[in-house]
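Right after this note come the structures.
Same chain, two partners: subunit A is paired with subunit B first, then with subunit C.
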Partner chain A sequence: MIHAIKIFLSGVKVALASRMAYRGDFIIRLIVMLIGDLLFPMITLLIYQSGASFPGWNLYEVLLIQAVFMIAKGISFPFFYGMVYNILNKVREGTFDLMLIKPCSILYFSVVSSFNIEYIGSFFGGVTILIYALANLQIGISLISWMNFLVLFAFSILVLLSFTLIMSGTLFKWVGNSRVYEIFNAISTFSLYPNTIYSKAFQNLISYIIPIAMIAFYPAAALLNRLNSGVFYSIIVCCLFFLISRAFWYMMLKNYTSAGG
Partner chain B sequence: MIHVKDLKKTYKSYRRGSNFLETLKSIFKRKTDYVDAVKGISFDIAKGELIGFIGPNGAGKSTTLKMLTGVLHPTSGEVEIMGYTPWQDRKKYVANIGAVFGQKSQLIWDIPPIDAFYMNKAIYNIPDDEFEETKNKLVKLLEVEELIKKPTRQLSLGQRMKCEFIMAMLHNPDIVFLDEPTIGLDVIAKETIRNFIEEMNKRGVTFILTTHDLGDIEHLARRVIFINNGEIIFDDSIEYLRKQLGDKKYIKLKTDNKMEQLSIPGIDYKKIISNQEFEIELDNSAIKLKDFIEIINQKAGILDMNIQELPIESAIKVLYGKR
Partner chain C sequence: MLRTIKGVAFATYKEWAAYRSHMLVSLFVGPLYFLVQYYIWSSVYTGQDLINGFSLIQMLTYYGITTLINYCIMDFAGWNLQMLIRTGRFITFMLRPVSHRLFAFSQKIGHRMLGFCLELLPVYLVFTIAFDIHLIPANILWSILSIFLGFMMMFLVNYCIGITGFWLTRTDGIRSIILLFRNVFAGVFIPLTFFPELLQKILFFLPFQYISYVPVRVFIGDYQLGGMEFTIAQIVGIQAIYVIMMLLLSELMWRKGIKKFTGVGA
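Coming up: the complex of A and B.
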């Protein structure tokens, strides 16, 4: 465990030092990503200002869901989402070999060596919107609701990790497929809006088969006291989803053939 | 220390066609090709050996090296290195090996090598005092005290390669795999690297060296494994490799007077610089060296003569010819 922490700290330090080598580029990327992430809350604002709405949900409730999405992204992306890009490049160039000759878990090392601080902008953006939404909602949130939120938020991170494993895993076989990001971007959009606006069948799909609703909807619903009993099944699905994606990653790793020498 | 038996690796690839129509067809129906990169090779390496692992491009050298380092799973065969099967006991096994890939850097482009060394310290779980001692020793040996604090991107290729060696040896590995470690280096840098390898080998480190630079082989390797088309076609000492060529000498000759080319069996003109200066390959089994000297003295007189063993290139060319 101490060894794992040492590797983590060392990996983070190196990644930070690398990114800070180009400070101007780092700051611009941070801002661009934050602007990109604010797009959905802005659209939501426009929808409500034009008089339209998501049935059964007020503006601040929807903003709360989107804030949770940004916070989840702001935590998970710096820590592990970078591994998709990292593996994409390393597999294409054959330099993934260098990771395989290190005496630690290859999955753990892939995660640690991909730390990317520039995604942290989403976290601060998300926290700001969360505070704004809660202030306007003017609802008392109990300690139990906050605890439910934290537990479900942990599963949100687990779902995002699972997606990262699936995306990066495919790159061992379908080398250089830079479109994998788009799969996630397209799918995760469904978690930005209240579950109830979708058809019943689709709600079941994103809750009990591919647990996208866990990314933002369920944790936000915990704060709003709007959880339904289906969340328990969704938690089990999240665990299964993670185990399957982890097994998938290792299975795909066996397809790694390196590059010619 | 290293035991390899009947090691095979077959790659599956798809034929995509060369023209537009064939490429279009290949989207719907592809023909599968199976390429036998390594065809059942066997060898043993003892502790402290320095092996030159050579062969033409695409011969299967890198694939073998990748299987020995645990990077690739073989299709079949056995490998036992220090009691480990590389691809099965990867984590434990790689803690005892080092690797330098001439074309793949372990350093991190934007930060100084010293920071990358500290990252390896964490990964290999090297105790503080042991790390400092090894690092200082290696840094001194390679004379890079100041360089390791500069960002890697500011270092020359030779300087980077020295740091790559430090990176690979900080954890005191028993075996080091080198894949073209002197590629692109100037003569001075090559010599430094070769001296370093030699020194480490004297201290008991086993090296397996893959290279196209025959200078590396001549300077370092005592034993050569030549692989071609996935098969080992030679595994013995350099001296034995030279003997395969027969009893031949390479002679650089300058004569007193002008001399026509001799058409005597056993004399093969390799280079004619002028009609008084020649480079000749002499086959001792066809003409004795003393007879050759006598003939030259009679015909034109010897001004200068340099007799050498055949260069290793000649031996390698013979092996290449066995494709």
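Coming up: the complex of A and C.
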């Protein structure tokens, strides 16, 4: 365990040192990440300002969902999302071999060597919007609701990790395809809005087959006391989704040929 | 010049055809984004016929056309140029008997020709068949002209961003921030008429709306922004003037920037 923590810390140290070589660019990127994530709250705000709304949801409830998404992203992305870019480049160059000969789990090493501090802006933006939304909602949130939120939030991180494994795993075969990001961005957009705007069939799809709703909707629903019994099935699906994505990653790793592309 | 454009465009077409599966991602991503918009706006329009002058059908048409036009005008000239400058590989272009801007523009033509076949046409069919959205231009000639000017504008804006690489060692950050503003203020995410009126008036004078918003409105057949209304001929004329101004700006930046190039990379 101590060995694993040491590897992680040295990965963070190296990542920070290399990123700080271009400090100006780093600060701009941090701001860009934050502004980019504020895009969806801005669109929501413009929709509500035009007099329209999502039926049954007020502005601050929708902002709360989007804030949870940003926080989940702001926590998970610095720690493991960078592995998609890392694997994309290393497989394309054929230098992933160097990762394979390290004396530790290849998956763990791929994660810890991909630390990217840039995404931390999402976390701070998300927390700010969360506070703003809660202050305007003026609802009392019980301790149970906060605990439910934390549990579901942990599953949100698990879903994001699962997507990262699927995306990076794909790149062992689909060499150099930087468009996997677009696929994830498109899929995850469904988690930014209340589940009830989708058709029943689609709600079932994003809750019980590909648990996208767990990324932000369910944790936010816990704070708003809007959880339904379906969340228990969704939790089970999240665990299965993670196991499948992990197995998929190792299966795809076998396709690595060292040839680049 | 035409021979150069044809030669480079064809070479780029063949080069990218080797990565056609990358482009086919659009077949999944485009309709998926549209599906999100479909659900969002179908829900928002519950009990309302018009929002900011758009009916539900017009709003879905707006997003459908925006998606397709973006396949026409998509561009990576800025990224490419700053990469060449940063790595020092740009030196090879200094020795070629052709301007880099023309070379990059020809590359874009080749790349988008492939995009037309592998992205635009299939996604158009998906929109028509799966979503029952019929995207027919109000006036085909004005639409083609406006999309072509949007194509030029997108290239020139991106190219100017790329030129900043002569001054900045790494332009990833500045490029990302401009690209983000470009997409927001080009009306890619939401029609510009949703913005506050004062901002709409400011946006009229920025180059971004001429990339996507104007071609989309020309496609639909009417134009308005910030309380201003123009005929299609007038707004396409203004778009052409902005393209010429952007061309001059890129030339000016180029002449200043090229003096900074040392050829050693960074």
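Basically, the second predicted complex is superposed on the first by the 259 of 261 C-alpha atoms of A that agree within 3 Å, B and C clash if a C-alpha of one lies under 4 Å from a C-alpha of the other, contacts with A are read in each partner's own complex, and residues count from 1 in each chain.
Here is the rule we use: a contact is a pair of C-beta atoms (placed from the backbone, for glycine too) under 8 Å apart; a residue touches a chain by one contact, two chains touch by 3 or more.
What you are looking at is a predicted structure, and each value in this text was computed from that prediction instead of being measured.
Aligning the shared subunit A places subunit B and subunit C next to each other free of steric conflict. In the superposition on chain A, A:54 makes contact with subunit C only, while subunit B stays out of contact range. When the shared chain is aligned, no partner comes close enough to touch A:209: not subunit B, not subunit C. By the document's definition of touching, neither partner reaches A:144: not subunit B, not subunit C. Of the two partner chains, subunit C is the only one touched by A:187; subunit B is not. Greater residue coverage of subunit A by touch, when subunit B is weighed against subunit C, goes to C. Judged by the touch definition given at the top, the superposed model places A:179 against subunit C, while subunit B stays out of reach. After overlaying the two complexes on the shared chain, residue contacts for A:22 are found with subunit B and with subunit C alike. Looking at the shared chain after the overlay, A:7 reaches subunit B, while subunit C stays out of its contact range. In the superposition on chain A, A:105 makes contact with subunit B only, while subunit C stays out of contact range. Aligning both complexes on chain A leaves subunit B and subunit C separated at their closest CA atoms by 7 Å. Overlaid on A, the two complexes show subunit B and subunit C touching the same residues of subunit A, namely 22.
Put simply, subunit C touches subunit A in their complex at residues 19, 21-22, 25, 28-29, 32-33, 36, 39-40, 42-48, 51-52, 168-174, 176-177, 180, 184, 189-190, 194-195.
Against subunit B, the residues of subunit A that register as touching in their complex are 3, 6-7, 9-11, 13-14, 17-18, 21-22, 93-95, 97-98, 100-106, 109, 254, 256-258, 260-261. Residues 11, 58, 61-63, 65-66, 69-73, 90-92, 94-95, 97, 99, 101, 103-106, 108-111, 115-116, 118-119, 121-125, 151, 179-180, 210 of subunit B touch subunit A in their complex.
The touching residues of subunit A, when paired with subunit C in their complex, are 22, 24-29, 31-32, 35-36, 39, 42-43, 46-47, 49-55, 174, 176-180, 182-183, 186-187, 189-190, 193, 196-199, 202.
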